[in-house]
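Dumping the structure here so I can ask a few things about it.
The chains carry the letters A, B, C and D, assigned in the order they are written, with residues numbered from 1 in each.
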Amino acid sequence: MSEFRTTVSVRFGDVDPAGIVYFPRIYEYLHEAFEDVWEQHVGERYYRMIQDERRGFPLVHSEVDFKSPLRFGDVVDVRVSCTKLGNSSTTLRYRLFVGETLCVHAVQTTACVDLDAGKAIPMTDEHRARFALILESAESTA
Amino acid sequence: MSEFRTTVSVRFGDVDPAGIVYFPRIYEYLHEAFEDVWEQHVGERYYRMIQDERRGFPLVHSEVDFKSPLRFGDVVDVRVSCTKLGNSSTTLRYRLFVGETLCVHAVQTTACVDLDAGKAIPMTDEHRARFALILESAESTA
Amino acid sequence: MSEFRTTVSVRFGDVDPAGIVYFPRIYEYLHEAFEDVWEQHVGERYYRMIQDERRGFPLVHSEVDFKSPLRFGDVVDVRVSCTKLGNSSTTLRYRLFVGETLCVHAVQTTACVDLDAGKAIPMTDEHRARFALILESAESTA
Amino acid sequence: MSEFRTTVSVRFGDVDPAGIVYFPRIYEYLHEAFEDVWEQHVGERYYRMIQDERRGFPLVHSEVDFKSPLRFGDVVDVRVSCTKLGNSSTTLRYRLFVGETLCVHAVQTTACVDLDAGKAIPMTDEHRARFALILESAESTA
């Protein structure tokens, strides 16, 4: 297994009066990492699928542990792997590091959805094959 | 037990190109509901604690199920109860309804923290007493 | 002339580490007031026009004076009037007060646009008539 | 004269249901470019000044022309120059290009402020000297 890596920079507007990243911004980081997975690893522009194919990947379930605060100026190393690859749903694990410190651990499940019909559809085989490359263990494949 | 209720309106800027609320905005709604709990139910201004007492309540763990999409113009009925009331930590359940439909179910645990020392401290008895009023069952009290 | 009035509350997530509202949030307040003008004064849901008629009102020009900072917890009294009502474009003045203090003065010009063709189109007579009611002086009408 | 250059990427969460960047996000891009000017050109971390010296640069006046919409996936070339360098205030021009197209033209004036006293103070000579390097014409210096 390999994992996908990208980086995020904490900006001034992300930091709250308590001096740490306002937590809803962390979910923006997760979405941006998700876009990066699609664009850089899967080879698809996220927006193009939505616009041209009306295929989207809304979040179904999210679990996040906030282990250490992120602060202004931190450059966050984001590592993404796949914990479960279903027919329509995909579960990704995101680990956000600053240096050696694991600051945020997130597990997010998205469904592949026909946006016009508003219901789940299978992922394409091409997409599944790309996510399989970052799957944590072979036996997790549903 | 009673629960705390507040409302949130979905604004234009919250909606993504897929026509539904961009999920990080939902975490902003949860934080706004948390501020409302403090101000309207507990009787404390959240900001005042941070600024004057350097006491904050950062998120430690979050679990959210996205059951039905929120859309532009939805007026969301937010119901908040307490599932666990510890010495320093508090776990709140948020249910976001549009009409009769449960759209989002969230469980969020925050710790009471001394922001200068950067470590957990006990909640005050007054605050605990207020959260106890929305506790789901007496036996959940730690 | 009358003016349109609405309110905005400054939330925790709007405030930066300097203790005042991060200025991009003020532009969100202005857009929210614009949505309120449409919905409450003109009688049109902003989103419905975009979605059903593919008619939008993108910002063309913006001038803002930041006279006094907004702070967490402020309840802002927003007053909106029209300074110029053209064929396709509309210029609105927004004044944001906290108590008697004028904190923000903004003048924003939007064009009525066919979103599919991507070009300016005339406003409907019904919409013009509603904006005329908050026009500052009759001679401003182009 | 030289100008400072940086880039911004349009992300999914920046785009509204009309398919273009929701304009308040453009003000976030401007603030991010302002942070980059401080960090990369002036050689100061913006946050450090606020936190350690309680010196900030709130926006006083803003004028923006939106000439062409920004869209998801655009990589925006941001060019920053100084149009006026006062004792306490600084006026910067930001031009946002996508390819050869000028999409946004902004002029923003900030004041140097003692955040505790809440009043304007002179910029340091070192900071002035750095902004002078991107000044559009020598005679603009106040």
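Throughout what follows, contacts are C-beta pairs under 8 Å (C-beta built on N, C-alpha and C of every residue); 3 or more make two chains touch, one makes a residue touch a chain.
Only a predicted model underlies this, so the values are computations on that prediction, with no experimental measurement involved.
**Student:** Farthest chain from subunit B, going by mean C-alpha coordinates, please.
**Tutor:** Between subunit B and every other chain, the largest centroid distance is to D.
**Student:** Mind checking the centre-to-centre distance between subunit A and subunit D? Centres are C-alpha means, answer in whole Å.
**Tutor:** Taking the mean C-alpha position of each chain, the two centres sit 30 Å apart.
**Student:** So how far apart, in whole Å, are subunit A and subunit B when each is placed at the average of its C-alpha atoms?
**Tutor:** From the centre of subunit A to the centre of subunit B is 23 Å.
**Student:** Quick one: which residues in subunit A touch 2 or more of the other chains?
**Tutor:** 12-13, 15, 17, 19, 22, 24, 28, 31, 47, 51, 72
**Student:** May I ask you to sort the chain touch graph into line, ring, star, complete or other?
**Tutor:** Chain contacts: complete, every pair touches.
**Student:** Mind pulling up the subunit C residues that touch subunit D in the complex?
**Tutor:** 17-20, 22-25, 27-28, 30-31, 47, 50-51, 56, 58-66, 69, 115
**Student:** So in the complex, which bits of subunit C are touching subunit A?
**Tutor:** 12-13, 15-17, 19, 22, 24, 72
**Student:** Once bound in the complex, which stretches of subunit D touch subunit A?
**Tutor:** On the subunit D side, the touching residues are 11-13, 15, 19, 28, 31-32, 35, 45-47, 51, 72-73.
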